[in-house]
Amino acid sequence: MLVFALKRFASALLVMFAISVLVFLIFFATPGVDPAARIAGRNADPATLAQVRHSFGLDRPMPIRYLLMMRHLLIDRDLESFVNRGSRVIPQIIQATPVTLSLVIGAALIWMTAGILMGTAAATLRGRAADPLIMLVGVVGVSLPAYWLGEVVNLLTQKQLHDSLFSWVPPPGYVGLGQDPGQWALHMLFPWLTLALLYAGIYARLLRGEVVTALNEDYVRTARAKGLSERRILLRHALRCSLIPIVSLFGLDFGALVGGAALLTEVVFGLPGIGKLTFDALQNLDLPVIMGTVLYAAFFVVLANALVDILYARLDPRARHA
Amino acid sequence: MTLSPSPGARRSPGPWRTAAGDLLRNRTALAAAAVLLLVVLASLCAPLYADHIAHTDPFQSHVSGTTVVDGKTVPVLTPSSTGLGLGVTPIGPTWDPAHYFLGADNQGRDVLARLLYGGRTSLFIGFTAALLTCVVGTLVGVVAGYAGGVVDAVISRVLDVVWAFPVYLLAICLSVVLLTNGLKLGPVTVDAGSLWLPVTIIAAIYVPYIARPLRGQVLVLRNKEYIQAAVGSGAPTPRILRREVLPNVVPTAIVFVPLMTALAMLTESALSFLSVGVQPPDASWGTIIEDGLGLLYTRPAVTIAPGLLIALTTAALNVLGDGVRDALDPSARLRGGV
Amino acid sequence: MSRNARRGALAAATVALTLTAAACSSSSGSGSSSDPGASSSGSSAFQAQHKGGTLKLVAHAAAGSFDPQVNYTLQYWQLFQSMYDGLLAFKKVGGQESFTVVPDLATAMPKVTNGGKTYTFTLRKGVTFSNGKALTTDDVVASFQRIFKVSSPTAGTFYNGIVGADACLKTPASCTLPQGVIGDAKANTVTINLTAADPEFEYKLAVPHAVVVPKDSPTKDAGTKPLPSTGPYMAASYDPNRALKLVRNPHFKEWSREAEPQGYPDAIDYTFGQTVESEVTAIENGQADWMYDAPPADRLNEIGTKYASRAHVNPLTAFWYATLNVNMAPFNNKLARQAINWAVDRSAVVRLYGGTNLASPACTILPPGFPGHVESCAYTKGGGTTWKAADLAKAKELVKQSGTAGQEVGIVTQDDDVNKSIGQYLQSLLTQLGYKATLKPLSGNIQFTYIQNTKNKVQLALTSWYQDYPAASDFLNVLLSCASYHPGSDSSINISGFCDKGVDAKMQAALKTSQTDKASADKQWGAVDQSVMAQSPVVPLINPKMIDFTSTRVGNYQFSKQFYMLVGQLWVK
Amino acid sequence: MPEPLLDVRDLRVCFRTRQGLVTAVDGLSFSVAPGEVLGVVGESGSGKSVSMLAVLRLLTSPNVTVSGEVLFRGRDLLALPDKEMRAVRGREIAMVFQDPMTALTPVYTVGWQIAEAIRAHEQVSRKEAHARAVRLLSDVGIPDAASRLNAYPHEFSGGMRQRAVIAMALSCSPSLLIADEPTTALDVTVQAQILDLMRELNAGGSAMVLITHDMGVVSQIADRVLVMYGGRAAEEGPRRAVFHGPRHPYTWGLLDSVPRVGGPRLRRLPTIAGVPVAPGGIPEGCAFAPRCRLRHDLCEERPVLSGDTHLDACWLPSGDRAGLRVSARDTEAAS
């Protein structure tokens, strides 16, 4: 077990290292993205440009620059943005994290509840009108572009119906949970729903398939022959087994979302989370921030992968020995 | 997420015919296919509409142009004439197929004509990216799973690295850089403005989604008796791959194609929305949405129409994909979600 | 420097160093009739009943470092005016007088001797930094050294005339300017020596890069840790991803109403990160008082009608233009370049920018109302001195003559709505002219350096110039002289790569004349403008105007031509 | 004959399929007396499993219709409300399925699942249920039952798993145990152990329905035998009678295909010619007719199951069946 954990840890480190090198190469080895002139300012003369290049270490060989950047990011923890000079990367990420967590946790609660309810209901109501109807909702959820939905929601709540139905909807933006929990929830409500719709669709469709398969399994027949109630059979046996792949998928999705995959929702709703931080940094080619956020994102994805492995073993005893 | 390899991996003769039969009997899937066909046909007919009905060039700016509404000549872009006279508003939907049926965008171009042309781009990118992903993903998965050892270790690590990027982040990273410089990979050169750039990027980021499950499937196959037997009898590897492995793996890969196409189209539109996807003058549904955002409060149709088309097409693809999966390989599962 | 606004047009700092106050007389403050103080001239008395409250400003993004000697954006220069002071300052008033330079930390305008090469200032007494320390001549000397030590963007362009600046540019760390800036603590004077007379030097001393900060300020970019200030406000906190908070400087006592007037609001909260759409909504609903970004196109009509009394439109001395790379086909051919100037429908560009009340067609490099500007239009249908219509037939004829039809042309624009739509228009136009035109929209931040570097082989770029280095000399000399052309560098503001020996000589002559005779220098600049346009290395498109959209509670709106809306003078009570 | 425990009358099971209505069980009648072991034999698809699932109403698909009467202790199970039916399942009639590998829910321990069965029917504490599970497991011959209780199904071997399934079936001491091919999926040695276990159970007084396609198994354990073909009963009677005087040509075939230890060494085992009928392809008349060497015109009509204690459904003259069997075998050997 220890060896396994160590191996896993080593491979995670390797992946993160590879990602950092990749990002560094992508953004530094390509022409046209030299940050020196942008840092120096408009119409800086060549001498100033050279000074800036030197003071930021941009005139040093590539591997040294990489090592310097990683040292500032990981060891000194004082890596600074190229665009907002003096603004440190790590505090920026730390500040953006609660926003993303607020969005993702809230949305996850909604989509898991809705997804499980929809998927289970559709599976048990198979052969009746409700099943295709529920699944249609699922397909629509999966097929709507999240950013577009967000814009349409904004249009409806901020303009078209703002004076009537949605007068209670605050303008897009973020209010901290600690600042005002009521406003926090109100500000997050539509972002939650928008993000959750997509995932609720995915999970409902997936779960329906799993439950349908499970209900045809021998063990369900055994359970029924034992004289258990249908409800118990569904919840304790079929659903319990169906949730295994769902939970592991959830882990991966959750990790990716916390890592910044909720970018589109954050951009559309003006939420200053990790996704938006990354996107803004990408727009400005603010390499230190990009490096920080991408490593942060990769960390969460890798972490989620590891957690899913562990969780999988907890959920499915068969996996413990494999 | 993962693909659990089907236990009865070896098929009785004529699985394709059985699958086709199953698919043809699946009325929902057929309806989805019909919708899809309709969208494809409409997109193919884009020039017909633009040239012969609307008489407009959807790639030509008509900033100072005029059109006819109810027999009166009006400007396509109307500067505000009230109050301080700020802003310019394009013509809204006229519901007249010959003159700006769905109105104009901020360049004074016919939105409907652009939607039809945009459909070509979106569908092209969706289909080609999905095909490319499935082909490359299958190859990578089969090679990794079959070769094992160092090859597998290296490929798996590379896949891990790609996997550890949230897909959109990776796509945006690549797009931002490649849009500035274009892509030069050995003999392959893709211009920054070319449609092949988003195709390549989207195909690349989703490869692990195909390669990983297929690798798992091949690993299981590799340990099956009949393949062990074939290996033991000294059959050449290419023949084993062709005769024994691929026939088992290809149906799974095919199951992924429609679902992947839907995913690729959504990704394309998202990238275009963030203006790192399809570049003007090419139009895709995503870029039309992005163009329309500047007009959201005055001309919401420009944004809403392409969004609905994306939703319709991806929904049809998803339903069709479910049908294909049920017919070919019920155990195949694509990790959705973006 | 950096901005993510949908309209990144105002990305660059804007410093209008006009030489004659009378030059712009027209159209100031149109649409702002409801503002009592809009056209005020001179400094009105402080009205204590309006003092207090918190002014809430919003912007889509922060503008980077808050170091006044480093930051080079309009967004913060606007704020620095009520925070930091230099020896001299632009008059803090609305209207034309805002171009006037007045003594600030100096008691009077400098004594200029030695043939215009020596400036002597007497320092005001009793001025205290917000950290409680008194201002001394040492602070002034250290601040000038600091310009070089922090590699201020203008160190090599504005202040390179100071004696000893060359050494400082080479080795900033050891910069002392021993002969250049001399403080005399006893006499309380500061003397600045230049290597040559510079008629614009007083203006250069009035911009934020030359403000005085405490001598113990760090010798590197202060970034997000604002430096102590001398003016009515100081920064309490700054987080570029969230907010900037300005509060009253407890040590401030008004010493010159025209140079640094007392401010009205008790605090100024500047928050970042909202979408531009929601900024508009927030101001409409009174949740914010003013937005930095230009309102999005689809809200303009609404603002112009429903909220007309709260919108303030002011013309800017700036121009948007397309650069034609004179060193690459097809625009190494003069006829091809001229064809573009003939073909571009300026009224279409005006429409794409937001209509005739937000921009006017441009025909010359020097904007109307700018020193040296001459009403002339070399490329308009039917001829005349103002632009009337494009002449597509003539353009096509020229393209045919030039033999460049069918060649590929790459257009590079920023990727915000307005720039991209103008880019799309240009792409469509060039296709009509017979070129194979492609469009490459890049993020605003990248585009500006990208189009400057000759390595990127940009043929046609859309950009703008907001009187950055002012006066006629700056528009022409900076943008189109051989000295501004640095092949292979990201900082080569002569984007067209235009280097004409004859024109360059004329510019040198005009520079020389301006030291002695501004009026005839302006005439010379006007001629330079026309001879450049004859060569057609650039296509002037429009002269933009600016909208300030304020909440109902805001009063005393004043628009300085120099630094735009005077933030500290707004009433929220 | 004592009052039967289970009396199935004219049971009919139809599936709605893409090809139309398919009758899987067609008018099946049989009964099981208390303490009796009924062996149900037949090839795959003969309807033996389906009929037993129908008895317990475990055919849940909406495409299935079941008709007839299933009288258990005089109550018609098919007409029972769901709740009462659940009280019958597991408590009075328990069922053991063919594949022990998939019959247990993989995510719960074996003990948990046995306790669950107990607690479904009896108001007992968790602890008590646990204790009973231990007993049950050791009763079915699992060593170290107390610790094995906490093992997951995948940690058990196939035979052990089948024992656990049987233990679970016995948890409420049902009066009838239906075992659907309980040994088929197991190794031969394990098969014997499980059969021993079943025999012990029977000795303890439980009635049992043992479904199998293996005549050998039936011969070891059944009191009576029901031979099914094409969803209908072909022959039914006491074990001895059926094995020593089989009356239906299909039964002949089944018996002939069993290798006999110590019997004459055959060049190859005789098989029944042709393929078993698929549900849906059953002819109007005698279901076995297409494969029967002795078919004649009467076989176009459906034969009725008739007889006294040894019943059969065949149009052949009831007199000299043994002679006919020999001649049929000869013609086959000659062909």
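Each chain carries a letter (A, B, C and D) given by its place in the written order, and its residues are counted from 1.
Here is the rule we go by: contacts are C-beta pairs under 8 Å (C-beta built on N, C-alpha and C of every residue); 3 or more make two chains touch, one makes a residue touch a chain.
Given the structure is predicted, the values throughout are model-derived calculations rather than measurements.
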With chain centres defined as mean CA positions, report which chain is farthest from chain C. D
Per CA centroids, the chain at the heart of the structure shown is A
In whole angstrom, the CA-centroid distance of chain A from chain B equals 22
Per the C-alpha means, the centres of chain B and chain D lie apart by a whole-Å value of 54
Chain B and chain C, separation of their C-alpha mean positions in angstrom: 44
Compute the distance, rounded to whole Å, between the mean C-alpha positions of chain A and chain C. 40
Going by residue number, chain B touches two or more other chains at 176, 180, 293, 296-297
Quick one: which residues in chain A touch 2 or more of the other chains? 31-33, 283, 285
Quick check: what residues of chain C touch more than one other chain, meaning two or more? 277, 443, 446, 450
Chain A partner, complex, touching residues on chain B are 1-2, 28, 157, 160-161, 163-169, 172-174, 176-177, 180-181, 262, 266, 269-270, 273-274, 286, 289, 293, 296-297, 300, 303-304, 307, 310-315, 318-319, 322, 333, 335-338
Listed in rising order, the residues of chain A that touch chain B in the complex are 11, 14-16, 18-19, 22-23, 26-27, 30-33, 132, 139-140, 142-149, 151-152, 155, 159-160, 198-199, 202, 205-206, 209, 245, 248-249, 252-253, 256-257, 259-261, 263-264, 267, 278-279, 282-283, 285, 290, 294, 297-298, 301-302, 305
Complex contacts: residues of chain C adjacent to chain B: 6, 31, 277, 296-306, 308, 311, 313, 345, 347-348, 351-352, 354-358, 415, 417, 420-421, 423-425, 427-429, 431-432, 438-443, 446, 450, 547
Footprint of chain A on chain D - complex, ascending: 53, 56, 58, 60, 62, 82, 86-91, 94-95, 97, 99, 102-107, 116-117, 120-121, 152, 154-155, 165, 168-169
The residues of chain C that touch chain A in their complex are 1-2, 4, 12-13, 61-62, 64-67, 70, 72, 151-157, 160, 169-170, 172, 220-225, 239-242, 273-275, 277-278, 281-282, 285, 287, 443, 445-446, 448-450, 452-453, 455-456, 468-469, 478, 484, 486, 489-491, 493
